[in-house]
Amino acid sequence: MSKRQFHGVFPYLVSPIDASGAVMGEVLARLCDDLIESGVHGLTPLGSTGEFAYLSWPQKRRIVEVVVEAANGRVPVVAGVAATTNADAASQAREMQALGCDGILAILEAYFPVPDDGVFEYFKTIAEAVALPLVLYTNPNFQRSDLSLPVIDRLSRIPNVGYIKDASFNTGRLLSIINRVGDRMKVFSASAHIPACVMLIGGVGWMAGPACLVPRQSIALYDLCRQGAWDEAMALQRRLWDLNQAFAKHNLAACIKGGLQLQGYEVGAPLPPQAALSAEGVEEVRRSLAGVGALGSS
Amino acid sequence: MSKRQFHGVFPYLVSPIDASGAVMGEVLARLCDDLIESGVHGLTPLGSTGEFAYLSWPQKRRIVEVVVEAANGRVPVVAGVAATTNADAASQAREMQALGCDGILAILEAYFPVPDDGVFEYFKTIAEAVALPLVLYTNPNFQRSDLSLPVIDRLSRIPNVGYIKDASFNTGRLLSIINRVGDRMKVFSASAHIPACVMLIGGVGWMAGPACLVPRQSIALYDLCRQGAWDEAMALQRRLWDLNQAFAKHNLAACIKGGLQLQGYEVGAPLPPQAALSAEGVEEVRRSLAGVGALGSS
Amino acid sequence: MSKRQFHGVFPYLVSPIDASGAVMGEVLARLCDDLIESGVHGLTPLGSTGEFAYLSWPQKRRIVEVVVEAANGRVPVVAGVAATTNADAASQAREMQALGCDGILAILEAYFPVPDDGVFEYFKTIAEAVALPLVLYTNPNFQRSDLSLPVIDRLSRIPNVGYIKDASFNTGRLLSIINRVGDRMKVFSASAHIPACVMLIGGVGWMAGPACLVPRQSIALYDLCRQGAWDEAMALQRRLWDLNQAFAKHNLAACIKGGLQLQGYEVGAPLPPQAALSAEGVEEVRRSLAGVGALGSS
Amino acid sequence: MSKRQFHGVFPYLVSPIDASGAVMGEVLARLCDDLIESGVHGLTPLGSTGEFAYLSWPQKRRIVEVVVEAANGRVPVVAGVAATTNADAASQAREMQALGCDGILAILEAYFPVPDDGVFEYFKTIAEAVALPLVLYTNPNFQRSDLSLPVIDRLSRIPNVGYIKDASFNTGRLLSIINRVGDRMKVFSASAHIPACVMLIGGVGWMAGPACLVPRQSIALYDLCRQGAWDEAMALQRRLWDLNQAFAKHNLAACIKGGLQLQGYEVGAPLPPQAALSAEGVEEVRRSLAGVGALGSS
């Protein structure tokens, strides 16, 4: 699988944890299996939806073990690595590789602001620690640092830094990145962007939480975009957008976990002090899912 | 012209002012005439590029007189009205109507934050003061207030509030607006969004400064989008995007005035303490214009 | 009065405007007279509390005429000048001087960000336009620009730039300014700082809206600070602080106008779309005023 | 020591880590001993200056072991506990208590925004996990959450929540807290506030990184404030303020580690990708230290 190019729909998986702190492996494995059956192109544990910022290392390792085993080589697994220090990040990445992951979603956490040289060194350290392809992750809404265009350009010249997922609201920035890095790096959309727009400007797919809830519809949208059937794509995109909107208003993990429970996956609530999805939020997600046929017999 | 639906490319005009504070009407009229000859669908004086925040009322009125006279009914003129009070806004709008404008670009300035009810009253006051269609303008990057979705919804139910131009970086928000207001309001793109993406999701055109510099290319892009020739549209869009990028980095008025001088329009510099475009900025704009064939014999 | 050093308590006056847009001169003159009788050291029309951002030039000029006439040389009048262009600012300042003002509160408005050189030129232009002392005003909470320490240092070397009023929440920054400018510039507090603290670190007084409502108590606090009676000063300061808190929560003009109405001054509401003080806000202000003995028989 | 009331100067200790990731216990113990000899009232490992966000749990535990042993009961040790989940925070706090700490500096880390109820539960969980007094820590400059006044009020009613250290720039907020919580909670200053001002308004001391570098001067300042010798206090405060300013401009850990190296403590650099203090920063710190007699034979 090492030469496989990542593209398509990669759901951001939730991390089901029980009250004792144990990973609920069974429901997670079932979710992975169902998503693969639905046609998703890959799985992404330990993204923001996967509560990477809230889990202990043993919890993270167990999550990835379950997902790799469930995927069983059918689709690539791109696992999140998030740290504040180069040393911790490299150590995590090596363990992810040893666990059988196919790629690393590389996330920089920071308390103090990090100058560009530090940002570059952080991601370079991860890239050199493993043989796997890296997806750079940047989320200026929740993080204290962003990746500047010059740093993205420098990083795109590292051979195994192949992808970027930008979770800002600034779709124009994605086109600037595409114009700047050419073929050296591919762009994935996040749920804050309109996936059909990102596909139009040259993106290769999306990594996002809502795809956990609407995998079939997401695949259909992706296929329409790939075929250049933009009118049909937009008709579907407009109906799916409500879900991204709900996702943007609530705690991401709470929103996806709440939606999965409506679909019969008992994945629990986010780790406290995060709150479970409010009753109002549950109704909003229920309406969004019903509106695209993602409840009921699906 | 009253039944004309606004759509297409509306350049945000610059406001050429000489050292004594007088409007340089001749170069402004020539620019308007050339833009209309190039095929633009309308003209927008007194937007942000037009330095609405820096001009006295006599300067503003003279700018609009020149533009209306130059347009001479060939294309609609949608002039900016910006104020901090309802009374001032209504007064400006009435004068714009008397001067022969075809629409109002309505801008809320604020020093203290304005609750939603105040925002609604402000725009409603303008709408009721004139018989012209209104384009709501919102720019969270430079303004102290933004228009919330509920306020936009309420405003869309006022008969002559027909359009919105959102100058945030958040293209997803435009789709949320479109989903919410349906046919009651049409969406124009600003230069911070990728125009081709806004057309894809259902926008009707764009109002932006760069169209002053690349009118023919903007029209070509608009036509490709309208024909659904999305691949060709994106190929052109990618080349044009550099200019929007330069525009985003520099003072907008300085950038467009600097570019127009490269094209032979002696429109001067923005009003001090704004600085003229830096030498580095001039080179950046020159490269962007040359890259899309917008210098040379024009 | 030209050699008088500004110091002490300068209330930020409100701007009473009736429904027709006319300045209500009588109540404004009475307020000025009562404040002077209470012992205030100066009067400041057209600050943020005075709605400088919401008034037309004729309204501004009339406000200042009334205040200068009411002061009648008993205390200095330092009037706000606010503009986006150097030319407009200089023109306003000259008219303020002609109207008999004793100083200028100089405010930079901006739509686009202003680099340091532009900030310096703006204030220098005002300083050179008049023979009056200048008070620099900076309010990062409501304005799009702040004054950097290097610009403040440069400005402090202009002979008639003698004071600064910083309306940030950052009291430490005031000490940094004091350390940097030495005797070249004096510092006034704003209502976001604790006046007693600013006096402790070397400030010379405060310019703020709440002093309109509690002039006697403000003078008492100032006198205690000047005497070095810090324990008594703090005991009074703690009781007065509630009012500054209310002031920070609500629209400043609405809050002071609402309080003055409780004291029998019919100054009306802020200009729409600003809202009048809410019923809840009125109760909060009433409690604050009663708590320091500023209602009563007045 | 359990009944001891915390007050006075608590240096925020650095965390010396060698290239292999090991805690350099000897230099840390020597620093603690010297600080106690200088008269500090307590020691605070694992604050922001102590790089709590960058250390593994084994590193944190070792840091605290060294500090508790070095303190040897002479002054209280208040150790930082920082987590994103209630469970992790409670676990850390219990271990800190078992290690012999005298208090907990409680820090909430967050990725997604936390509503007030979650904030309350987080700190309540820590308070109930231990018998030690808690110091609430809030730093809106580097954290994604702040403590609202209502939450602070609720928390102040928990018996062992006795202190708050607010690291905003908003000194007025400290007075609002003091007015609101009365005797239920005491306030410590951070380096972003002017310590003398916080003492004036009723604070009980400060917890801050610069006190590592200037312990004697800090104690002298504290004593002057306690004696009510405000003029002498401010004369000293003005000279010390330069150091806080330098501290605010640079990475806090880099700044204090750089200064300690100038004083002969080989504490190394912050953990990468944080950068060591720049050459320019070293000179700035050197000048600040020399200016208050904190280099040389001290």
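So that you can tell them apart, the chains are marked A, B, C and D in the order they are listed, and the count of residues begins at 1 in each.
One rule holds in what follows: a residue touches a chain if its C-beta (ideal position, glycine included) is under 8 Å from a C-beta of that chain, and two chains touch if they have at least 3 such contacts.
Because the structure is a prediction, the values reported are computed rather than measured.
Greatest Cα centroid separation from chain A: this falls to C.
Here the CA centre of chain A is 36 Å from the CA centre of chain B. Here the spacing of chain B and chain D, counted between their Cα centres, is 51 Å. For chain C, the set of residues that touch two or more other chains is empty. Contact between chains, per the stated criterion, is found for A-B, A-D, B-C, C-D.
Of all residues in chain D, only 21, 48, 52-54, 56, 84-88, 108-115, 117-119, 121-122, 142, 144, 251-253, 271-275 touch chain A in the complex they form. On chain B, the positions that touch chain A within their shared complex are 168-173, 175-176, 178-179, 192-194, 196-197, 200-202, 228, 230-231, 234, 237-238, 241-242, 244-245, 248.
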